[in-house]
Each structure stands twice: as C-alpha cells, then as structure tokens.
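Some structures to go through are shown next.
Each of the two complexes below includes chain A, the first together with chain B, the second together with chain C.
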Partner chain A sequence: MGFGRYVSARVLWAAVVSLIIVTVTFLLLSAAPNPAVRRAATQAALQGGDPAEAAERVRELRGLDEPLYVRYMDFLRNVYTLDWGWSVSTSMPVTEAVTNALYYTAQYSIPWTILTIILGPLVGVYSAANMYSWKDHAATGFAFFGYAIPNFFFGIILLLIFGVWLEWIPVIYKPEVPVFSVQNAIQLTLPVFVLVTGSIGAVMRVSRNESAEFQNADFMKTAKAKGVSPLRAYAYHVMRPTLVPLSTTLVGQLLALFLGASLLVEVVFGIPGLGRLTYNALIQQDTNLVLGTTLFFTFVAVIGNLIEDLVFTVLDPRISYDDR
Partner chain B sequence: MATEKSERFDQVDWNDLSRSGRFDLSVNSLGMLLTTIPLALLGVYDWQFLGERTPTFEFIGLEQNLETLDFFFIFTLFLAFWYLVLPLYQNPRMTRYYWKEFRRNRPAVVSLGWLGVVFVGGIVGPLILNAPQQDLLIAYQPPVFTSVADTTPATCVGEVMNGRCYGTWQHPLGTTGGGKDVFTMIVYGMTISMQIGFITTTIVATIGITFGTLSAYSGGWVDEIMMRFVDIILSFPTFLMFLLILYIYGAGLGMFIVVFSLFAWGGTARYIRSKSLSISEEEFIKASRISGASTYQVIRGHVVPNAASSIITQLTLLIPGFLLAEAQLAFLGVGDSTVPSWGQLIATGRSDLSFAPWIVLAPGIVLFLTILAFNFLGDALLDALNPEAEAENG
Partner chain C sequence: MPRRNIEDRDDSRHIDRREWLSALGLAGAVTLAGCSGNGGGGSGSGGGNGSDGMNGSEGGSGSGGNQLELPDFPKFGVDPLYGRDVAHTLAERAFEQSEYDYSFDGDTMVNPDGDQVEINIYHSTGQETSQLTANFIAQELGQNLGINVIVEAIDGTRFNNEYWTAEPQGGTDTVDGEEVTWENPTPTNPGPQSVTSNQAWDMSIVFGLNTYPLNPLTNSAFFDGATAFYNPVGYYPQFDAQELFDQAQQASSVEELQQAFVDIFENIAYEQPYITLLFSDDLVGYNPELEGPIENFSNGWDLPAWYEGEPEVSGSYDTVTSARFTTLNPLFNTENGAGTAIARALDQGYTFDENQDVFPLLYDMSTEDGEVWTFDVRENLQFSEPYGQVTAEDFVYLIQELHQADWAPTAASTSWDGVTVEQTGEFQFEATLESPNILWPKTYDPLLYPIPKDLLQPYVEEEDVQGLEQDEELLELQFAGNLGAFELTAWNRGSGTEYTRNDEYYLRDIDEGPDLFSEGPYFESASISVVREQASRLGALRTGEADAAAIPPEQYESYQENENVDVLQVPTPYNTIISVNQRANGWSAGPGNLFQLVPFRQAMAAAISKQDLIQGVYRGLASPHFTWQPRWSQFYPSTDE
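Take a look at the complex of A and B:
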C-alpha cells in the first residue's frame, strides 16, 4: 500500500469512527426520556391541563413521533452540517456558544501545548545526558509529581496560596481583559502551570528513556570522536530519533488532558471556556449544548488521533503501511 | 501458572502432571469455588428474600449491610487471593526472585507499603469505625498539632489558648463544616477506592484477555473486525461519554465502574493478541500441541502466564486513571453523592478552603499519594516481572 492510499484509508477510518460515536450518542439520547417532554408534562399538570396531551404536543413539535430511522437521518444531517440547534441556557446557537468558548480555551491551551512540546523533550534529553545524577533524580521526581497530582486539586491549592493568602494573582478570572496584556498573562499563569505540570511528566519520561538508547550509539561515539560540540551532537543525533517514538504518545497525552483536565481546570479557575460551557450545560439541563460540546470534544479526539498516525508515518518511513 | 511445579527436573511427579481430566480442580480453583458459593448464596438471599432496607447480616444480629457492589468487591478479593497471592506462596522460589528484583526499587517498596495501608484500612476500617455522623456543634475542628482562631469552630473540642482553638486526637485530621470527622471519611474513602481498583481491573482483565485470545485464534477477517473494534474502544472519549450518560440517565458508582472498565480493556486485548500470535510460533507451543494440548490449555497454560507480567503492569497503571476520574466527577458535583469518596470530600471542603484548608488538603494528599504509589508500583513491576524491558529502560 502506498502512502497516498494509506492516508485516504486512514481518513476514511476516522470518518467511520466519528460516525460510530455519533450513532452511539443518538442511541443513548433516543433511548432516554426527553427532559423537554417531561418538563412540558409537568407544567401542564401544574396548570391543570392534561400532561399526556402536552407531552404528545411537544413530541410532535420536536419530531419525536417520527420513526427512528427518520430521526436518525435528521440527526446525522444536522451533526455533519454543523446545525447543532439552539442553546436555551446561553440563548444563542450552539455552534456560536462553542466558538465563543473556544476563544477562551485557546488562550490557555496554546501556550500550554507549546510549552509542553518544547520543554518536555528538552528536559527529558537533558536528564538522560546526566543520567543518575541529582539533576536526573530531580527531573524524575518532578515528572512523577506532576503526573500523579490531580490537576484540579493542584489548581485549588495554588489558587489558595497565591490568590487568597499571598494575593499575587486575582482569584476571579476576568474575561474582558485583552488577550495580549500583562493582566491576562498573569491570570493565565496558574492554569497554564498546572496543565504543563500535568502533561510534561509523561513526555519527559518517554523522551528520557528513548534517548538513553541513543546516548551510547555508534554514531554518537563517532560524532564525539570527530569533535562535534555536545550541544550539536545532542540536538542532531539524540533529539531527532527521540522525537519519532515521542510523537506517538505526545498527541494522545495532550488530548487526554485536554478532554478531561481542561474541564476541571476551567471550573476551578473560572475560565468561561469549553469545559465550563459543558459543565454549565450539564447543570442547567441544556441538552443541545451538552450534545454540542461533547461532539466537539469527540471530533477533536478523532482528528487528533488521525493526525498522530499520519505524522508518525511521515516521520518514520520504515513503518510499513500494511501493519496498520 | 501451573500449580504443582517441582523445582527440579528429577523430582517431577509425572503421574501428577499427566492428570488431565477436565473436572480435576487445582487447590486454587477448589478454594475459589468453596468461597464463591457461599458468597453467591448470600447474594441471592440478600437479593430475593430480604427487603430493600434490611441489613444482610440481620439473621446473626449484625447491622452490616452489603450492597451489590460489595458482593462484587468481595468476589474480586477472593479472585485476587486464590489466583494471585496463593500462587506466590506456592512458588516460593519465584516469589523470592521477584521480591529481590522488586526490593531494589526503594520508592516502589514504600509505595507497596502505602497501598497496603490503604487496602487494610479500606477493608477493616469501616468495620471498626462508625460511619461519620453529622454534628454541627463540632464543625471545623482543626487537625491535631494545629490551631485556628476560636471563632472558626462552633465549639472547640480541644483546649482554647490565647483565642486559638487547638486540635485534638479525637479528630486527628479535623472535622468538616458538617462536623464529620475527616479521618473517618478518608478511611471510608479507602474502601471506595479499593472497590474501584479491584472491580475495574477484574472486568478489564477478563474482557481484555478473552477478546485478545479470541481475536488471535480466530484470525482472518474476524480478527480484523475485532481489532478495528478495539481501535474504536481506544479512541472513545470515555470521560465525555460518561458525562453524557450521566446527563441522560443519571449514574451511580456501579455505573461509573461499568462504563469506565468497558472502555479501558483495549490496550490489554491488543497486547494479549500480539503475545498469543508471537508465542504460537514458539517451539514449546508446537511441542505441547503435538502432545495433545487443546487450544484452551495452550492459552491457559502458556499464553496467559507469559503475558501476565505485562498485563499486571498495565492494570496497575490503569487504576490511578480510574481513581482520578472518580475524584474529578465527584469534584464537579456530578458523581455519586451517596458515596463517601475522597473526591466527594474535596468537593465538600472547597467552599471553606480559605479558613479550613484541611478538609480539602487531607483527602487531596491521600489521593495524590495513592496515585503516585500506583505509578511507582507499576514502574517497579515492569522491571521485576519483565527483565527484558530493563534493557530498554536502561
């Protein structure tokens, strides 16, 4: 199988996965009683009307009385044409609510991702170069610490120390601050720090263990014997081969954190981003918005996995396409 | 892990080994059966004959009640005892070797000690300590050795000096805003964490091993479809899907365990499959096949034991993820609020953080240490059980 065919097969597969996830979501939704119908029935009963009749009317209004496959096709069409409905709790279309929230999520996600990608491998290779020294032990300790401490707990503690006791940073996030300003940088420091500590550990560990292998490789000995400066030797001969296996874990790690932890971090720090939007939608029973945000996160996960696989094959041409 | 394995070749009792009747049970299986049957009977009795609110052990005058989850938990404990602890006792030579390798990693030994404390605390604790009671009079007691301004607690249990209330050994980790003892709540949380750990690993291992071997031995397009299915399972955003399920149906701790373990076995299945494929090429498998071993015997006797070390490592590293997910859900306030987990305690204390930080700090640190211990343990097990991996980790 050639590269072109592999890419198209992989893209097709991503589409199939997204379709399956959307289908599961639809089945979950259609198997459960609709909160809107229940609300209407309760309201009718409270006002002395006939609850069954009111429920029937809402079902008709929302097209819930149609056969399952018609609703399924409608659902699919709406999901893939980005017609995600109206969000009651924010009183705007779901897509608009998601885009607005994405603006705030991006403000901390981009610095966090960049820092992890740059710092993680650097520290990892550095600690491999000084293996079993106190620097290596310190880096390893930090990696395990960041990996193990629950992000939301760490966030609360830092907020307590620096926000409440020392009063260095504002406790309440101000969304109206301009993006590129000192104020914004200060209020985003803690969330970014918490997320970087959480994600950098795994990256460091992987790059440390992978680069240890190249440390004493023949080409390194040759480079040293030729008098190549250590910096150049490490940059060209250790860092580069390390990045290949690293790229497989990196995207997965970042995605897992993005999906799970960013939600918590946003709730802790009060950032009105995607995670908080999901949370509010859950609390306020806004079905369309819950669906919209979960689908958005799901698509990000599917596309992330796709990119990871493609990058991996581009970086390492030895991988045969048939094995996948 | 065959049980009656002699240490030396000339001591092998061949009559014993050739015993291959289908219904001959090893000591382990016999013990498992003997302990599971009373448990199952008790479960059926509890489910069929007792009212919703009647404690299970009323017939012998105990107030202790068992929930469905507790039955599963006890079952997994039996499983772990008969198939994990007992084999270690039966093979003292291998146990000594593992322990020698394991002991070299000092953080891992400490971790094992800590997990032992959590395990024993989680099982024995609720039997000794009474469930924490609401008592507003003793709200916000500080932990022992610390003090707070005496305006914070309603009444101070310890002594008051210079306008400060000092903590006592009655409440070693202080009390919450509802006057519940934090230490007792943490001990009760240990039970929940152990339940999550044991039940999820059992489900993950069962599904993963079955699915992986089935896939490897079916081959062809069945294998292809099964592995594609694993791909989907692996790329499924479990946390979000659980939020969705929670939103639509509402979910308790049992549902949490089921959903999270149903989406976590992908890695195990993949590993078992590749292990079975590579091992079926080995000479000793061919030899045992020629001697008439069935596919089941090959899987049970060779594939699973050979993959066991990696699976145990993998499972050890999965558990902290589950604990974290539970704590996150509890913190968001969408978890099972009837379950006294650590995350629930963190969520309770969050609003009182600025003047009573111990309510958040104590369970948070315990959670952190437990996750850390599982990670260290997984790392050490990788080295101890699988010497091949050591070369890579250099």
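Take a look at the complex of A and C:
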C-alpha cells in the first residue's frame, strides 16, 4: 500500500468513527427526557395550565414529533454544519461559547504544549547523557516534583507568592488584554509554568529511558567513530528513534491539554476556558453545550489519532503501511 | 404509616394552641412528658392529654421520666433545651409515635434490626464553613443522639437538580387529619411526601433560605401546606398554617401584623420544619479608601453615592464574585449574582434604604387601603434610541402581555398572578390586588425592570419565548438608556462584566436621597469578575485589585487586622438550617421516616449546641436561629425575651 492510499484509508476511517460517535450520541439523546419539554410542562403547571398540552406544544415546536429518521438526518446536518443550538447556561449559541472558550484555552495551552514537547525530550536526553550524575538527579528531581505536586495547589501557592505577596503578577485574569501583549504574557506565565512542570515529568522520563537505549547502539558508536559532534549525534541519532514511541504520549498529551488537566488551573487562575465551560455545562445540565463540547473533544481525538498514525510513518520509514 | 401518627396525634396544638392553654390555666408553658405520649393513636382532640398528646405522668426509660417543659416559643439548642438528656427524651417520644421499633441501646440509637441509625448529611463542596458545620452536626448528633452521621460534599447545582427538586406530579394526601390536594405542584413542592426527587437523601445544609424579615407574609411560600410554592423537604404543618397566614394577610397595620405573626413563628419554632441553626452575617471586605459601605441589611442601596477618597469621579469600582451569570436578560434572570450585574446598568422600580423603608427609583408607589396601589413613574427616564421615553404604558404592557401571559415563563410571572393592572395616565398606572396587603412593596412582587414595549411587541405577537430569551438587546442591556448608574460594555460569559459610567444617569435629577446622588456615580468604570477560587478572590482583595469581596468567617480575624481591608458585618435574612427529607426517599436508616415526626426534629434541634457552633465554626459572627425570623426583624416574637 502506498503512502497516498494509506492516508486516504485513515482519513476515511476517521470519518466513519466520527459518524458512529454522532449516531450513538443521537440515540442516547433521543432516549433521554428533553429539558425544554420538562420546563414547559412545569411552567404550565405553575400557572394552572395543562402540563401535557404544553409539553405537546413544545414537542411540535421543536420537531420532536417527527419520525426518528427525519430527526436523525436533521441532527446530522446540524452537527456537520456546526449548528449546535443554544446554550442555556451561557446564553449564547453553543459554537460561539466553544469558540470563545477555546480562544482563552489556546492562549495558555499552545505555549504549554510547545514547551512540553520541546523541553521534555531535551531534558530527558540531557539526563540520559549525564546518567547518574548530579545533573541527572537534579533534572529527575525537577520532573518528579512537577509531576507529583497537584496543579491547583501549586497554582494557589505561586499565586500567593507572586500575586499577593510580591505583587509581580495580577491575581485576577483579565480576558480583555490583547493576546500578543506583555500584560498577557505576564498573566499567563504562572498557568503555563504550572502546567509545563506538571506535564514535563512523564515525557522527560520516557525520553530519558528510551534514549538511554540508543546511546550505546551500534549506529551511535559508528557516528562517534566517524567524529560526529555530540550535539549532532544526540539530535539526529538518538532523538529521532526516541521520539517514535514518545509520539504516542505526545498526542495523548495534546488531547488532554484541552480538558481535564486544565480545569483546575482555569479555576485557580480564573481563565474562562474550555475546561470550565465543560464543567459548568455538565453541572448546569446544559444539554446542548455538553453535547457541543463532547463533540468537539471527540473530533479532536479522532483527528489526533489520525495525526498520530501519520506521524509514525514519517518518523520511522520502516513502519509498514500494510495491515494497518 | 408513621405520618398518620403525626396527623392523629395533635389536633389540639394548632392555631388555637394559646386558647386551650389558657383554658388549662397554663400561662406560657406547655408541660410535656418525659418520654411517653399517646403512641400516635391517641385522639389528640381532647386538650387534657397535653399539646402533643403526652400526659406528662408516664415516665420512661433513658431519661428517668424527667418532665420536660417546652415554652410557647421553645429555643432548642441552648440551655435548658440542649443536651443528651433533652434530646433522648424528645427522641423517645418520636419512637413512641413511630410504627417501627426504634430505640436507644445505651447511648446508641438503633433501628428495628438493632443496627445503629446511620444517615448522611450533604454540605456544599469547596466551602470550608459548610464542611465544618456539617462535621459539627455529625459530632453533636453522634454524642447526644447516638446517630452515625456520614458527611458528604456535593455541588450546589447538582444537589438542586437531582436531590432538592422533583418533577411536579401533584396528588392527594391526608395532612393534619384533612384530605389535601396539591393543585399547583412545583419542582420545589412537587406533591405529597410520596413524590420524591430522583436521588435519595437524608439531611442537607447545602441551602439556607430567606426568612423575609421585611414582609414575613412571603413565608407562606414555605409553610402554607400543600399550596406552598417551596416545600422540597415535604413538610406537613401540624398547625393550620394556611389560616394563620390568611389572618395575617388581613392585618391593616404593622402592629396587627406583628401580633398575627406571633402564633405563626411560635408554631414554627416548636415544629422545626427545618432544623434552625443560626443566622450568619455576610462578611464583606472593602477597600478602606471607599466611602459608603455600611453595616446594614440594605448595604449597597446607595452605590451611586459611594466614592473613593474624595467625592470626585475617578477610578473604578471592581468587585469579585464566585458564581458566573447564566443570563443577564432581566426578564428571565433568577440568580442573585446576575441580579447584581444587571443592577449596575439597569435600575428596578424601587429599593430599600438603610431603615428598610422603600426608596423610589423608577416609580413611587402609594395606597390607601392596601388593595389599590398607584404607581407614579418618573418623567425623566429614557430608554436608548430608538425606544425613547419610559412611560406607564411600557410597564403595563410588560405586566399584562408577559408576566401575566401563560406562554412566557418570566421570572416575575408568579408575582403578578391575580393582580389587575390598568394605565391611568402617561406616567401613572394602578394595580388592584385580590386581597389587601399593606406591605406589598416589601414582598418584592411589584418590583419591575423597565423594558421597552416596542422591543417586546414582535415576540409577544409571535409568542416567541426562545426569541425573547435569546434577544441580544435584552441579554446585553442595550436598551438601558439613562436607567442605570453604568453602561454595560462587555459580558464575558466565563469571567464577568465590565461597565463605564453612565453620564446621563436619571438619579442625578431626583429630589430624594443623599445630596451626593446629584453627581453620581463617582467611578469612571466598574467591573464584576467571576473568580471561582476563594483564595484568588481574597488575594485580589488584599492587593487592591478588587474593592469588595466576601470573606469567610474562618478568616475574619486575619482580615480584620489587615490595614488594606475594612471588614463589615452585614446582617442577612438568609438562615443556616438542616433540611431533613420528610419525603418517601428520606431517612435511609431503616423503615419509616423519623424526620416526619415533630418530636424527632425537636430532638435533633436539641442535640446541637447553637452557641458552640457559632463560637467554634463561625467565630462568634452569627446569632442563634430559633424561628423563621432573624432577631433584628420587627416581626421576631418578643415573648420569653
């Protein structure tokens, strides 16, 4: 199988996966009670009206009395045309709510990801190159510290020191600050630092162990014997094979970026990002928004897996396109 | 059914409790037996067997047959109605009334299977005070009643959706010996005790409730039997609450109203529908440079006269809050926090000054008989273009076509039920109530936001609720004209609101109020930041990034000593209570539901030391709560004081 066909097959598979997920979501939703219908019935009951009649009226108004396949086609069209409905917990269209939140999440998650991807393997290879020396221990200690300390706690402590005591950074996050400004860089320093220290540990340890394996490989001996500089030897001959297994971790890292790990940091630093949006949507039972954020993460995951499959083959040409 | 024991037990101790007490010659005190009673099967109709059907002559085990005297206005949780013996005595009365064989094994309360009674209590997640309070309650119920209480944290919204509210179903049940129908069930009073929420629960301190000290008539929403709007715990009053509230409604003076409420509040203190614990003050930290904040319930009513340093327009008034706003659409908002955010840019009809008197903002209200109320709208009110002058027609249209329409679930729709509204002039309209109410403005019911008729009309014609909810002009208060101290410039859904000074604010041209109104507001801008993390909110207050923020009681002392912060104790009408689930899915400790029995709720109230709770958890910054009214209210019963 050629590279072109391989890519086409993977993209097609990603599309099928997304369709399956959307279909399952639709079936679950249509089986669940509709909050708008419930609200209408309650309102009618409150004002002495007939709850059943009010519920029926809302069902008609929202097209819920249509056959299942008609609703399914409507749902598919809306999902793929990004018409994701109205979010009652934020009083704006779901796509706008997700886009707005993504705007703030991206501001800290992009530097976080880049720094993690660059610093993690670098520190790991550096540790491996100086294995069991004090430099290795220091780097390992730093990585473990960041990994072990809970992000939200670390965040509060840093905020207390640099925000409240030293007053170097503002305590309240200001969303109106321009993205590319010194003010924004200052207010994002702590969240990015906390997140990088939290995520660098795993990457650093994996790359340290992986690269240790390649340090004394035959091709490194050859390279050294040929007089290749240590920097070039590590960059070209150690880093590249190290990154192959690591790329799985990195893609996972990229995906996790947008949700779980960032929620607590967003809460501590008051950043109105995707983590908080999703959490609030769940808590406030904002069905449309929950669906919107879920679909967003689903699509990110599907695309992430696709990228991962493609990156494998680029990083290591020995990986076959067959049987995949 | 254990519930029947309650109903059958006690016809005598209702509305006319005082009457038969005087017939017995007992002045101000009811004598109750130590642990006996009529077992729930007694007629309860003969006054001779005591108010709770307990004749006071039969001693019982466990409490040594102590006579326990409950006054008209019992104050549980303080001496002498506190402690292990009192709690045991009262609990044993409940056991007698219960169909099931609950008892004490030594100091341990056991269920019919002989296992220790184990129930859970929910507190608000992430709130230290709430958690400490729950732990204290668990400890006291363990020590004084031998109950094992499991403390669990829960998010307030989740608790509200899954535990506190239920699908309104209605139904019929026997309450206090009479067949009663739930005709207008609501999510917070979905029906009889058999109608339950999705999730089972025993006890909760997640929510405190308003005690409406300005107009206690509103409290009928909690206690008015099956017609109560708000009864998530499934409480059946053992006194004729509906009739007592109806009588109070007829009062033609405040004195008469005070008199009418004595019975109501004594009955509530006695029955403990919710286990009353305390009233904690709001502790608010302010920028010490700020002139204006006061230690009063009405703190903040005169914000346009506040200033920093000198009374000149400068700087920004920035506050922080923990809860984000779901909507700023004034028609549909029901949240306190969002109400504050709206109030920065849009005044309502009136407010209350530091003496709790009505202060007219957009309109003044007057009445002669409490039945027909005249609203006089100010003539200097302007909406933004193209809507122009605010007139009485805008208000009348809003009330008739929206608040009183059955298709539009506005936040104020229940307030205008049964009120007849008529425009009587360009700037005047009248409202006629079904029955007189001299304190109508204090119910907050006639409180209106001004909304332009022309903005509403297209939605009204189409009966388009969704369009109305999603209208951008309403959501972003673009129509507010000169009707607010500030103009809303941005609402970031996740992080709060920003405002700039409204140079045309109508309040500057009114005759009433402080002289400082003539140039207010005295800030160039304002903001409300939503910061979920308490440590971050307090940090912002310390560094001066925020001018005001709430302070938790456990940190009161450290902030009081901080020169960068002025801490004010602002009394509130909200109470701290234990809600006990008297519905069919309450009481997970065994068969039946002891929470439904008055003596058991009394036992719980008597098992928890209010003073220790106030000192230990609230650092003394709270006052004990005995009945449904704070002590500073003019309606607090003065008997026994």
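Just so it is clear, the second predicted complex is superposed on the first by the 287 of 324 C-alpha atoms of A that agree within 3 Å, B and C clash if a C-alpha of one lies under 4 Å from a C-alpha of the other, contacts with A are read in each partner's own complex, and residues count from 1 in each chain.
FYI, a residue touches a chain if its C-beta (ideal position, glycine included) is under 8 Å from a C-beta of that chain, and two chains touch if they have at least 3 such contacts.
From a predicted model like this one, the values you see are computed outputs, not experimental measurements.
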item	value
Which of chain B and chain C A:25 touches, first, second, both or neither	first
A:267 touches, of chain B and chain C: first, second, both or neither?	both
Which of chain B and chain C A:156 touches, first, second, both or neither	both
Touched partner set for A:172, first chain B, second chain C, both or neither	second
Chain B versus chain C as contact partner of A:311, first or second or both or neither	neither
First (chain B), second (chain C), both or neither touched by A:106	neither
Which superposed partner A:164 touches (first chain B, second chain C, both, neither)	both
A:92 touches, of chain B and chain C: first, second, both or neither?	second
First, second, both or neither for A:284, with chain B first and chain C second	second
Overlapping contact positions on chain A, where the chain C interface meets the chain B interface	156, 160, 164, 267, 285
Chain A residues within the chain B interface of the complex	13, 17, 20-21, 24-25, 28-29, 32, 144-145, 147-150, 152-153, 156-157, 160, 164, 209, 212-213, 259-261, 263-264, 267, 278-279, 282, 285, 287, 290-291, 294, 297-298, 301-302, 305
Complex interface listing, chain C residues touching chain A	155, 157-158, 161, 167-168, 170, 184-187, 320, 324, 326-329, 406, 409, 413-414, 417, 466, 469-470, 475, 490, 492-495, 498, 529-533, 535-536, 539-540, 542-543, 545-546
Of chain A, residues touching chain C in the complex	38-49, 51, 86, 88-92, 97, 100-101, 104, 156, 159-160, 163-164, 167, 170-173, 175-176, 267-273, 276-277, 280, 283-285
Residue ranges of chain B touching chain A (in the complex, touch as defined)	228, 231-232, 235-237, 239-241, 243-249, 320, 324-325, 327-328, 331-332, 334, 346, 350, 353-354, 357, 360-361, 364, 367-368, 371-372, 375-376, 392-394
